[in-house]
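Shared between the two complexes below is chain A, which pairs with chain B and chain C, respectively.
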Partner chain A sequence: MSIAEVAQIFELPFMSRALIGLVVLAVAAAIVGLFVNLRDLEFISDGLTHAVFPGLVVGYLVGGTSWILAGALGAALVGAVILTLVDRRRVGSDAGIAVVLASMFSIGVVLISRSDGYVAELEQLLFGRLLTMTDVQLRQIVIVAVLAVVVVGATARLQLFRAFDLRGYRAAGLRDLQVDIALNIAVALIVVAGSQAIGNLMVLALLILPVGTARLVTRKLVGIVPIAVVVAVVTAVVGLVAGFELSVSHGLALSPSAVVVLVMIAVYLVVLLTSQTWLWAARRGARRRADSRAQNQTIGGVPGRTVQGAP
Partner chain B sequence: MSEFYQLALTEAILLGLLSAITGTVVVLRRRAFFTVALTHAAFPGGVIAALLGINVVLGAGVFSIVLVIALALLSRVRRQGKQVATGVVLTGGFALGMVLQSLLPAQANSVDTFLVGSILTVSRTDVIATAAVLAAAIVVVAGWGKQLVFSSFDPSGYRAAGFAAFGIDLLALGLIAGTVAVAMPAVGSILAVAIIVGPAATARLLTGRIALLMPLAAVIGVMSAVGGLEISRHWNVAAGGAITLLAAAIFTVVAVATALRPRGRTAAA
Partner chain C sequence: MNQVGPDVIHIAGAAFSYGAQPALEGVTATIERGDAVALIGPNGSGKSTLLKGLLGLVPQTSGSLRVFGNTPRAARRITGFMPQTDELDPQFPVSLRQVVMMGRYRRLGALRWPSKADQRVVDAAIERVGLAAHAHTRFGELSGGQQQRGILARAIAAEPQLVLLDEPFNGLDKTNRDALLGLVRDLRDDGITVVTSTHDLQLARDVCSHVMLLNRTMVAYGTVDEALTLDHLERTFSGIGVEIDEHTVATPDHSHGATEPIASPGVDALHDERGPHGSHGAPRA
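And now, the complex of A and B:
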């Protein structure tokens, strides 16, 4: 497939909207995802995607599609505060998050099970509607995503300090509750921005996978976000094109966001394998150099002579 | 009492008991995120089974084992966050399920069943499978209970004492995988975690004594499962949702009560 053909696909208005939406989300999620990764907040992020779900349902039941955002924002704020507090109770916090997550989610399921045709509704809320996004929704996504980045950006220095040196952070007299809540609210905003477009559960992939891939490539903090953005944008384009091709040429009605996530997983696995092989080869090379140096010494400085096969 | 309701009731009781055992293991070993990931990611296993026309529980069970292996391998990679591997398994499994699901449009209903479950339509095979996993769980706890507790509280001490940490971890993960698979037809892949973790987490709040954890969790688990079933019958709401909400409600009440109690005591002193 040539570049011109790809460009042609994205000339379709619904495809270009999907692409813009995904790119905006990818950039915002990479920035917020860095802190999720550094602080090991993947489980809380998963909790937030579930916590937003009843908000989507309530918004939908109250006022149809246009109220979904309001409901989701409300649930996101409540969820962020509850999960921050649960996570701070050290004893069995892991299990506490799981219970909060599942119960928020079941509130959504129970509420929506009262309405007619709930199977279709549930799937739409879970999996999103990437290709039927409206201009209004796109605008909402951009606004909410920018808001998330602003929240993280405003507290970025504190977040980094807290992530790397909690004791120093506390000793400096800084409070951690506010920073924690700010970060979780930022994650929740990303979830809200993403859940209508790519689905409630797929947002998590955007938060975790690009940054996870980037961290395999570089250890430099400043390098992680740009690489994550590149990974996310490339996989979004490839995934969208692949999904488009599969549905047009092969008649498969695949969820485009799921295809994007699978492409992301594939990229992650390829990078993982490459980096592990690289590390392994480097380690082996270093060991061999060390061995030959040691052998050169035992032979007494005769240059170039090594004992092959000696124990 | 109709036959299908009797089946549902049996399944609820068995699940309540099973979740007490597995849940205690999950809570003590802090494997809640893993359990959540497994409940989400086992969903493609069910879809594959439906595509091939074999039993859904079997498909989910086999796929769970694949996921456990994938997770064990991914977790060995250093230089990434502690929870990244679990996140990869979770999102990847779920996306795979979504893609596979679109291959069986005619059976859209059964796929929805994997997501939120339907305890009122469980088959006799599902109930037998649950009973079998319960029996296996009892054997595991009777045979390796001490090792499970030891390795949960002091992993390095466990290794130092000469035991293989990898083996006991695999045993625990296998137990979780089996429970997730049999819970899926009844309460669904997304909600299963509440009934698995909820009762044990509640018991953990109530007592610090290991010996009391499982019996307490069993009582709470059976109460939530049977109570949720009754609620769903009377108010016509999704049974899986009602069961999870009841389990969560019990946890919340106990959590709030225990959070308030120590403060009251210090105020009095």
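And now, the complex of A and C:
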């Protein structure tokens, strides 16, 4: 497939909207996702996707599609504060998060199941409507995503210190509750922004996979977000084109956001495999060199000791 | 060190508790500018508790405690803390310099960009702990001793008046140990007050002006010569199977099941001071 053909696909208004939405989300999610990764907040983020769900439903039931955002924002703020407080309990915080996650999700399902034709609506809320996004929705996504980046950007320095060394952070007289709530609100905003485009459940992949991939490639802080953004944008384009081709040329009806996520996972796995193989080869090389050095030191037929576990 | 200076820390009958039972009680001491105090006691005796108490991180349940005439929490601004580094994630993607810059965050707040002056303070702190060549090395790639010096550099970068060190000499080789001893001396020369927990009586003798002996309550506090007597040591380490003679004081290291020497030849002086009593029998539990 030539570049011209790809460009042609994105000349279709619904495809260009999907691309812009995805790219904006991916960039914002990579920035917020950096701190999710550094703080190991993946499970809380999953909790937040579920906490936002009943908000989506209530918004939808109250005022239809145009009210989804308002409902989701309300649920996001409440969910972010509740999950921050639950997570600060040192013992049993995972159980607490799981309880919040399950109960919020059940409430959402119960609410939506009271409306007619709920299977279609449920599917839309969970998996998004990437190709039927309106201009208004696209604008909402951009605004909410930018808001999430502003919240994390304003606290980025404190987030870094807190993630690295909580004891040192507290001893320095800095407060952690505020930055914890700020980060969870930013994650919740990404979930809200992503819910309408790629769906409530798929948005977690955007937060976690590009940064996870980037951390396999670089160990430098400054490199992580740019690499994650490149990974996210490339996989978004490839996923959209692949989804388009499969459905238009091959007649397969697919969720485009699921295809994008699968491409992201594929890239993550390839990079993981490559980096592990590379590490393994480097270790083996180091061991071989150590062995041969030990052999050279063999005196009077006594074999040299094999050095194990070389870095 | 006997001249009257402004009190840095004033503690009277203080107790610190995590729960219902006090973890440490009966602490009374006045610590002046430029003093260096070694906190000595067995594992679980309250050394770390006192350090956290001085930061306002452990509730103080009785008595009074002022740091620079203020509450410990308010004094955090000019207090530097070097926690043990063993809990830090070695994969965390920050360089040594980025870690030391964290010492400036309290001054910078969330939004202000580090100025030239901030950069200079950070570079000077790294220089001072002798890690200039490693400034851009990933923190997790440094050795244990270098990491501890790096965390000390972070504390120094905050330009503190009081530095608290939690077991700074655990697991250090001779090079790192000497470097750290020199640093503590430098800090004192600059008029900075140092409080350090340690297992190492030699450290107390070499660089500290005062010693506080703890065993869930304060056993003794005073200058090194006043407080570091065999009698006090026996009371501090009683009931936990310590062995004390004129050369060594050893306490079982619970984490490794081995006997960990907590002092070496330095106890000679202590023996001299008390006269030739010969070998003291160890109180065995």
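Keep in mind that, in the parts below, the second predicted complex is superposed on the first by the 298 of 311 C-alpha atoms of A that agree within 3 Å, B and C clash if a C-alpha of one lies under 4 Å from a C-alpha of the other, contacts with A are read in each partner's own complex, and residues count from 1 in each chain.
We take it that a contact is a pair of C-beta atoms (placed from the backbone, for glycine too) under 8 Å apart; a residue touches a chain by one contact, two chains touch by 3 or more.
Just so you know, these numbers come straight off a predicted model, no measurement behind them.
Shared-chain residue A:Val6: touches no atom of chain B or chain C. In the superposed pair of complexes, A:Phe164 makes contact with chain C only, with no contact to chain B. Contact with chain B, but none with chain C, is seen for A:Met202 once the two complexes are overlaid on the shared chain. In the superposition on chain A, A:Ala154 makes contact with chain C only, while chain B stays out of contact range. Using the contact criterion defined above for the overlaid structures, shared-chain residue A:Gly212 touches chain B, although it does not reach chain C. When the two complexes are overlaid on their common chain A, residue A:Val142 makes contact with neither chain B nor chain C.
Comparing chain B with chain C, more residues of chain A are touched by B.
Legend: residue contacts after superposition of the two complexes on their common chain; A:Leu38 is shown touching both chain B and chain C. Common to the chain B and chain C interfaces on chain A are residues 38, 215, 219. Listed in rising order, the residues of chain C touching chain A in the complex are 55, 57, 73, 76-77, 79, 81, 83, 87-89, 91-95, 98-99, 102-103, 105-106, 108, 110-111, 138, 151, 154, 158, 164. Per the touch definition, chain B reaches chain A in the complex via residues 26-27, 30-33, 35-36, 40, 74, 77, 79-84, 86-88, 90-92, 94-96, 98-99, 102-103, 105, 108-109, 112, 115-116, 190-191, 193-194, 197-198, 200-201, 204-205, 236-238, 240-242, 244-245, 247-249, 251-252, 255, 259. Remark: chain A residues 37-38, 40-43, 46, 50, 89, 91-92, 94-103, 105-107, 109-110, 113-114, 119, 122-123, 126-127, 201-202, 204-205, 208-209, 212, 215-216, 219, 252-255, 257-259, 261-262, 265, 268, 272, 276 touch chain B in the complex. Note for the complex: chain A touches chain C at residues 38, 154-155, 157-158, 160-161, 163-165, 167-174, 215, 218-221, 224.
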